[in-house]
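The block underneath contains the structure these notes are about, expressed in structure tokens.
In order of appearance the chains are A, B, C and D, and numbering begins at 1 in each one.
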Amino acid sequence: MDDIEIDEVAAPELDDPVLIEGLPGVGHVGKLAAEHLLEEFDGELVRRVYTTEFPPQVDVDGDGVAELTCAEFHAVETDGADLLVLTGDHQAGSNKGHYTLTTTFLDVAEEFGATRAYALGGVPTGELVEKYTVLGAVSDGDLVEELADAAVEFRPDEPAGGIVGVSGLVLGLGERRGFDAACLMGETSGYLVDPKSARAVLEVLEEVLDFAVDYESLEDRAEEMEEVVGKIREMQDGPAVPDDDLRYIG
Amino acid sequence: MDDIEIDEVAAPELDDPVLIEGLPGVGHVGKLAAEHLLEEFDGELVRRVYTTEFPPQVDVDGDGVAELTCAEFHAVETDGADLLVLTGDHQAGSNKGHYTLTTTFLDVAEEFGATRAYALGGVPTGELVEKYTVLGAVSDGDLVEELADAAVEFRPDEPAGGIVGVSGLVLGLGERRGFDAACLMGETSGYLVDPKSARAVLEVLEEVLDFAVDYESLEDRAEEMEEVVGKIREMQDGPAVPDDDLRYIG
Amino acid sequence: MDDIEIDEVAAPELDDPVLIEGLPGVGHVGKLAAEHLLEEFDGELVRRVYTTEFPPQVDVDGDGVAELTCAEFHAVETDGADLLVLTGDHQAGSNKGHYTLTTTFLDVAEEFGATRAYALGGVPTGELVEKYTVLGAVSDGDLVEELADAAVEFRPDEPAGGIVGVSGLVLGLGERRGFDAACLMGETSGYLVDPKSARAVLEVLEEVLDFAVDYESLEDRAEEMEEVVGKIREMQDGPAVPDDDLRYIG
Amino acid sequence: MDDIEIDEVAAPELDDPVLIEGLPGVGHVGKLAAEHLLEEFDGELVRRVYTTEFPPQVDVDGDGVAELTCAEFHAVETDGADLLVLTGDHQAGSNKGHYTLTTTFLDVAEEFGATRAYALGGVPTGELVEKYTVLGAVSDGDLVEELADAAVEFRPDEPAGGIVGVSGLVLGLGERRGFDAACLMGETSGYLVDPKSARAVLEVLEEVLDFAVDYESLEDRAEEMEEVVGKIREMQDGPAVPDDDLRYIG
């Protein structure tokens, strides 16, 4: 196998599509958001990207059939912009692999005519989030205004540790080849899969790309997560019965 | 040395041979199973595969002679199908190495005319196993029925973490070049070398490849392992003398 | 992206410039010293070096604009020698990467006509430093005298573990291609960012390269660090009130 | 820099020289033994081998001059066989690097006409060694007898974990290109640098290669180590004064 192999699954004509990257990361915010777009808009699989940078792994589907792990591009038509949505289960396995792989991802996006890219992700706050702010970073200062209008916050020199992984390179390498690229980072505790943060990120996309999406299934997942959080708290704190009552019983 | 070097030791004519992969993994199930086939059927060494992906290591034999670590293919003639059995002491040392090495293994298998492959392994249950179920995954849905008839279980989306290493890629890369490939995973605790799980896996192979094999030596190893387990339990629990007796002495 | 990409930002004529390397390391001594030179002398950015050896990362500036992580060369004109100052946020990510990257750095320096190099860094003492000695190592014995005259100490076989990273290779690879190279290592505790040690290193450079630099901003940072150290001590020891007083209150 | 660079320092004519490998390993037995040969016989440096597999490091000598880390070949004329002694401070940094580097080492040895090789090392026993046995392994069964006559022990399938690193590959790769290669492993606790074990290994070499060497300096190092061991024991056990005496004083 070559270091990277691309399966061309379909070749639909897209109208100035926008690359949306949602690989795994903090709180799985980007991945949840990208997968939600695929579910809601019935995305069409157009490319599979296999690479020796991914773990040597197959995933088994509901019928017991194994699929070699890969990243996938789906074409998505919304009522607004056309999207080219990149999802998968892995980042690259090495520094160099991240550069090589992101270069490939941008090659594919260019092939479909994309000149804009949004890298979706989470930014950890270390505490439970009450208000789901979306933090932004851009490849070019001209892109700030539109995003700020969509309630994206720009904080000088944040996130402090920079943006790492494919999301960071979509900006860094994208800028070097002329993409207008932005990273949208939903605030999230960093401890849990966070569908609410994914929704906050998608609401920004809705505004800047002029489409509308339903959030029911994402809300369901958010409720499941809150039940999980509730159970964890219960286990830590004991049952939610006040001490006084217990004494009274005794 | 090249990254991969293949020594051609023998070139027997094989009749539609089936690749059987048994490299080290969970419970050494695959390795035990494959080595048992070699012992029982007097396999003929046909290829040695050396690679810089293996540790820089020689193993010393009974006469003090050192052998560079390698993977080996043996040709095995059974009363049923001809087998091409792949064994060794190591998996690859990197993600990319797993892809490269499995590609080489499939090249060798093709050279001998193989179009079918069984990757043997174990799947950890985390507890001592009473009933030795064999879990299956396939490169193509058409292969499910025959294996299900041989009591292989197919559970949707299991194993949850996918199948990693050479076994996973025998399916994933095998499928991409036209192999009919299946992975047979014997349930095993994951804590111990497990000859009983290896037997369960071999019994599936016997049925689908129409051969018969004796299990005496594997049973001997299973008994040795049970003695080990017994001793571990004793050390944890104290001697197996009932408390009553002790009181009586006291 | 290639493994290394160099952006040529400017091409000023420099007069026998001296390479000054100040990448991150012990106490950030080299990095602080090199960055102080850039601040004080208004260095002109001449080259950006991108490499797949760096983490896949962008850093976000004060306006929310992301920049792909890189190393930078600035041309600096002092009242003495012309300098070519190398700074950045990362060392290479692998053994081989250090060799490749330092080779590139020396290529760039040669391109500007440099034949001399100073690698700046810190050497850890494991305890708070009272007197900021600068330890030296050279690519050629002829370079010892001048540095010893500038109060650099040469201690046989020290530092005991050798000099690792880009600084070490500026000497080791530099020597192999004809550079007169020296490493100036400021003693530092190893636990904290150390602006005082950086000043000690710069004072050596001032003497051997015949320039003068102001230290006010570095002194400010040193004072900030001392406040930090003071707070740490307070937290460890409790408030700096004598025990007697406490008894008196009691 | 290339992945491997060889400096040709001298080209003496050697008479059927024997490669002696003594890189760092268990108890530094091989390294001590090889370096002792260089000291006692005034070896002539013939090759330096630089590689990106070594750490990016320079070592500083007694005059403050830095040398890029490398492996060195010295030609040594004894009253018996001519030797080509390989020493250095590092093994390779990766699996593949071990293979590449050992290939280079054997290339150099062949260039000087060597067809025999002894890889020197230690084998850990886990306890303080009373009798310094030397364990052997060979590339060819024909080599056993001569070594057994020199008191080398051959134990079936030992060492259990095989022989790893450059020593292992001198046998494994050496065999594949026609070298008569043996590994001589001095038993050693594994916890300490062990000059006595190095002497045991050298005494085997003396016998099979028909030379004589003085051990005074190695004995001095052995005595130093025993003082260290004595001090460690004292620290663990308290002073070696019997309790009775202490009571008497009290």
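Assume a contact is a pair of C-beta atoms (placed from the backbone, for glycine too) under 8 Å apart; a residue touches a chain by one contact, two chains touch by 3 or more.
Remember, predicted model here, so these are calculated numbers, not experimental data.
The most distant chain from chain D is A, comparing centres defined as mean Cα coordinates. At the interface between chain B and chain D, under half of the residue numbers appear on both sides, which makes the contact a different-residue one. Look at where the CA atoms of chain B average out and do the same for chain D: the two points lie 38 Å apart.
Taking each chain's centre as the average of its CA atoms, chain C and chain D sit 38 Å apart.
For the pair chain A and chain D, the distance between C-alpha centroids works out to 54 Å. Shown for chain D are the residues in touch with two or more other chains, of which there are none. All chain pairs that count as touching, in label order, are A-B, A-C, B-D, C-D. Residues 1, 3, 52-69, 93 of chain D touch chain C in their complex. By the touch criterion stated above, chain D contacts chain B in their complex at residues 92, 95-96, 98-100, 102-103, 136-141, 144, 154-159, 162-166, 168-169, 171-173, 175-176, 183.
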